[in-house]
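Next up: some structures, all given as structure tokens.
Common to both upcoming complexes is chain A, partnered first by chain B, then by chain C.
On to the complex of A and B.
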């Protein structure tokens, strides 16, 4: 067969010009509509940027001069933030194992039980973290505890969803062997499925640890402990030099944790 | 007769012996899948204890379905399946798992947990004989461990006991899978296209392992195969399936090409034969 007669017989690549155009047009129209106050869209007053730019520039100038003398006072709250992140991730890791195995089709063939777990986890995940923090501060008082509880709820939602989906999208031939040998699903999960999916778990645990450092840095703003509380306090005193130090520290810690976790994750694969 | 395939005879100790070898009996078995596919139509047959039977047929003829009705992985829509003293079609739940615990099975794709070491893959064969709490703790009993190690030794895989299954070759994986089935102390061994993913020399080695187990222990073996020469060389009796029906049942070694053409429903082709391999 030669290339010549091949060229004529290649079917035309299917194109969906009209469908794509309609989708793009719809997206643009919707976005524009959401910015029209007349029909209930958000009010974006771009003019205010121009009117207040001097005010903003002053703040930026102050932030650009971090008050390094303030740094020692940030150490303890920063450690508290890191502790909250770690404890939250560890507790969530423990809880996520049984919940995830219940939520994945491969490891839990019983549909009612699976749907129940998934529903609960979806609801848990739907609530924003600051809402948890605010409510929990009201329930258990100001401090690190509501922060940790917030992180646990937040992390469990993420890990269970992502890992159970990853489990369901991978191949589990060994389960047929376990069933053929007369095993229960629990035995199959414990002895074979758990080691098989351990890297999927470890990957997401590290990811939520990273997220936790970021989130716990601001949870203090609603009273849930950590460096955020200091940030909020200094801001209330208009001490932008101090605020600047805190922000820089958060930035450094977040980047360091991310680099470490990427290194670890690469070793997992 | 072949004797010198690469991996054959690697075993050092005899495999754990089955308490007794079981017959398999299907009586007017039909299987219709939920999507309406009629995979087995009125299949009746009896395999005597200690026989080594090949189930031959084209892809889609119902071989996998047939073998899975024996341990209840596929429930029979009608008819009865008996294995040894048990009527599989009447059992569910715990009782069915207990029977499965005495029916070994190996698969085309090996079905090992790749990230798990060889020993723990083989211990899967003890599931039905292990209390749930022991599995949860991850502590096998000394007796189960002993059985697993003996089975590994009998297929020449003892030195790989701590290797991850995923890093073994295809032939090694299938021999670990055979060890897993032997660890069950089975009354029957089922094999669903056990060599279809292996290169010819390894395929011969694994078939020879199965025949050796059959000969040494008198264990009943039912093996699905789509290759003529393997069926002739390694089994004594052949059951031909076409479109879910038994169309042949007779001695395997002297089955003629005409017999195979009748089973396949078409002339014999080169791909119906594995060849000598090495």
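On to the complex of A and C.
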């Protein structure tokens, strides 16, 4: 086959000039609109960065000198953060099993019930974590309780969505066996679906535990307990050396939890 | 013997029993479950929660929910929509900043593109950035750009780089070697390889991740509002502090509606990008 021959066979390059132009124009228009302060967009005030960058640099310089003498005082709040993360993940894990089986097509053939659960979970997922915390702190008072409730709501949304979508996107031949043996839907779910999706659940539970450590570190900023409260308090006193100890501690704990959960995950899956 | 088989469905039970493999030991899973359960209970006991108040909690929350959603006050709706747009702007500008910064950084951090020392250094930076909460970053940036949406956008842009760049280098590393080798065999430089082998393979994934970043930012921008970066989060935090529950209810409805709307639009575009890419691949392969 010669080169000329081949060149004749290569199909014409697809061209979508108009479509590409429209897409780019749309993107540019949206971007410009988001940068117009007149209609509520972000004011790209680069002048303020040029004028005040020293403030930020000073803060970073202060943060770079952690006051290690402060470290012992961070232990108790950090422990509370970890406890909140664990309890939140555990409660969410318990709640997520029935809800997930309820929200997946293979384990719940009834459309109205499935749509109902999915709608509720989607609404729950659309509210950001700290927003829950703010509203819950106002409802039940300052402390660890609103923090744990926030984490539970947040985790249930994630686990139910991810696991039920994973169930929906795979085949379930093994469930036929249960149906052929005359089992009810509950029995089939219990005996076939649950052991099959258990690794998926374990994976997501570990993932939300990691997320929880991250989130519960800052929940205290709105009064929901944990080390975030200390962070906010020291910042209010402009004690940046203390703040940096807290941040470093959060970094270390987050990385340690990530490594541990990766090890566990490799064993489980 | 044959009569017995007909009347009873059980044939030689002892023989089949012995043919079954032994049940796997449940000892270790049970032990692990007990340990995890004990740790969780210990953690729960250690929390400073007054447990006897817990039974009253559902009633209390239901009461507040009634205050919020029975008759939400729609007077402040125009302002809420403006603040929502401000949050969306913050999320979008932050996403653009993040994607523009993380694309070259992620490429350099990929195996086979940049030198090893640069790769390891960049990956360490990404790991640190991933661990810093956006809110903490925003608190530092506040001192430079003040209580403005720009602070929020910058915080979102910088905080997202850690994860976004990781997705980029993971995408680059999952690209098959063939195209890169072909470009190199034809005498292409590293820049040619990036442009003609790597970029065509990763662009749909990267664009899809860019939109996903926007979706994440929509949620986080509401969080940044709580520390004063403006947008719907600031408004929500204010009215929660004023205990104006009917307005809080309206704001929550706006937050949920806006988030779900943005998720739907962005999700549809993402699916179009990924599926469009797949169709084109098939066309070329055939």
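The criterion applied here is as follows: the second predicted complex is superposed on the first by the 240 of 269 C-alpha atoms of A that agree within 3 Å, B and C clash if a C-alpha of one lies under 4 Å from a C-alpha of the other, contacts with A are read in each partner's own complex, and residues count from 1 in each chain.
One rule holds in what follows: contacts are C-beta pairs under 8 Å (C-beta built on N, C-alpha and C of every residue); 3 or more make two chains touch, one makes a residue touch a chain.
Owing to the predicted nature of the structure, the values given are computational and were not obtained by experimental measurement.
Undergrad: Quick one: classify A:61 as touching chain B (first), chain C (second), both or neither.
TA: In the superposed model, A:61 contacts neither chain B nor chain C.
Undergrad: Please indicate which partner A:43 is in contact with in the superposed arrangement: first for chain B, second for chain C, both, or neither.
TA: A:43 contacts chain C only, not chain B.
Undergrad: Check the residue A:25 against both partner chains and state whether it touches chain B (first), chain C (second), both, or neither.
TA: In the superposed model, A:25 contacts neither chain B nor chain C.
Undergrad: Could you tell me if A:176 is touching chain B, chain C, both of them or neither one (first, second, both, neither)?
TA: first
Undergrad: Answer with first, second, both or neither: which of chain B and chain C does A:75 touch in the superposed model?
TA: neither
Undergrad: Look at A:195 in the shared chain and tell me whether it touches chain B only, chain C only, both, or neither; answer first, second, both or neither.
TA: first
Undergrad: Given the touch rule stated above, what does A:84 touch, chain B (first), chain C (second), both, or neither?
TA: second
Undergrad: Common interface residues of chain A with chain B and chain C?
TA: No residue sits in both footprints.
Undergrad: Can you name the residues of chain B that touch chain A in the complex?
TA: Listed in rising order, the residues are 71, 73, 96-105, 107, 109-116, 120-121, 123-128, 130, 132, 135-136, 138, 177, 180-181, 184, 190.
Undergrad: Could you pull out which chain A residues touch chain C in their complex?
TA: Residues 14, 30-31, 33-35, 39-45, 48-49, 52-53, 55-56, 58-60, 63, 79-80, 82-84, 86-87, 90, 122-123, 126-131, 134-135, 138-140, 143-145, 148, 214, 217-218, 221-222, 225, 231, 235, 247, 250-251, 254-255.
Undergrad: State the interface residues of chain A toward chain B in the complex, per the touch definition above.
TA: Listed in rising order, the residues of chain A that touch chain B are 173-174, 176-184, 186-188, 190-193, 195-196, 198-199.
Undergrad: Can you tell me which positions in chain C touch chain A when the two form their complex?
TA: My answer: residues 39-40, 43-44, 46-49, 57, 60-61, 64, 82-83, 85-86, 88-90, 92-93, 96, 127-128, 131-133, 135-136, 139-141, 143-146, 148-150, 152-153, 219-220, 222-223, 226-227, 233, 236-237, 240-241, 243, 248, 252, 255-256, 259-260, 263, 280, 283.
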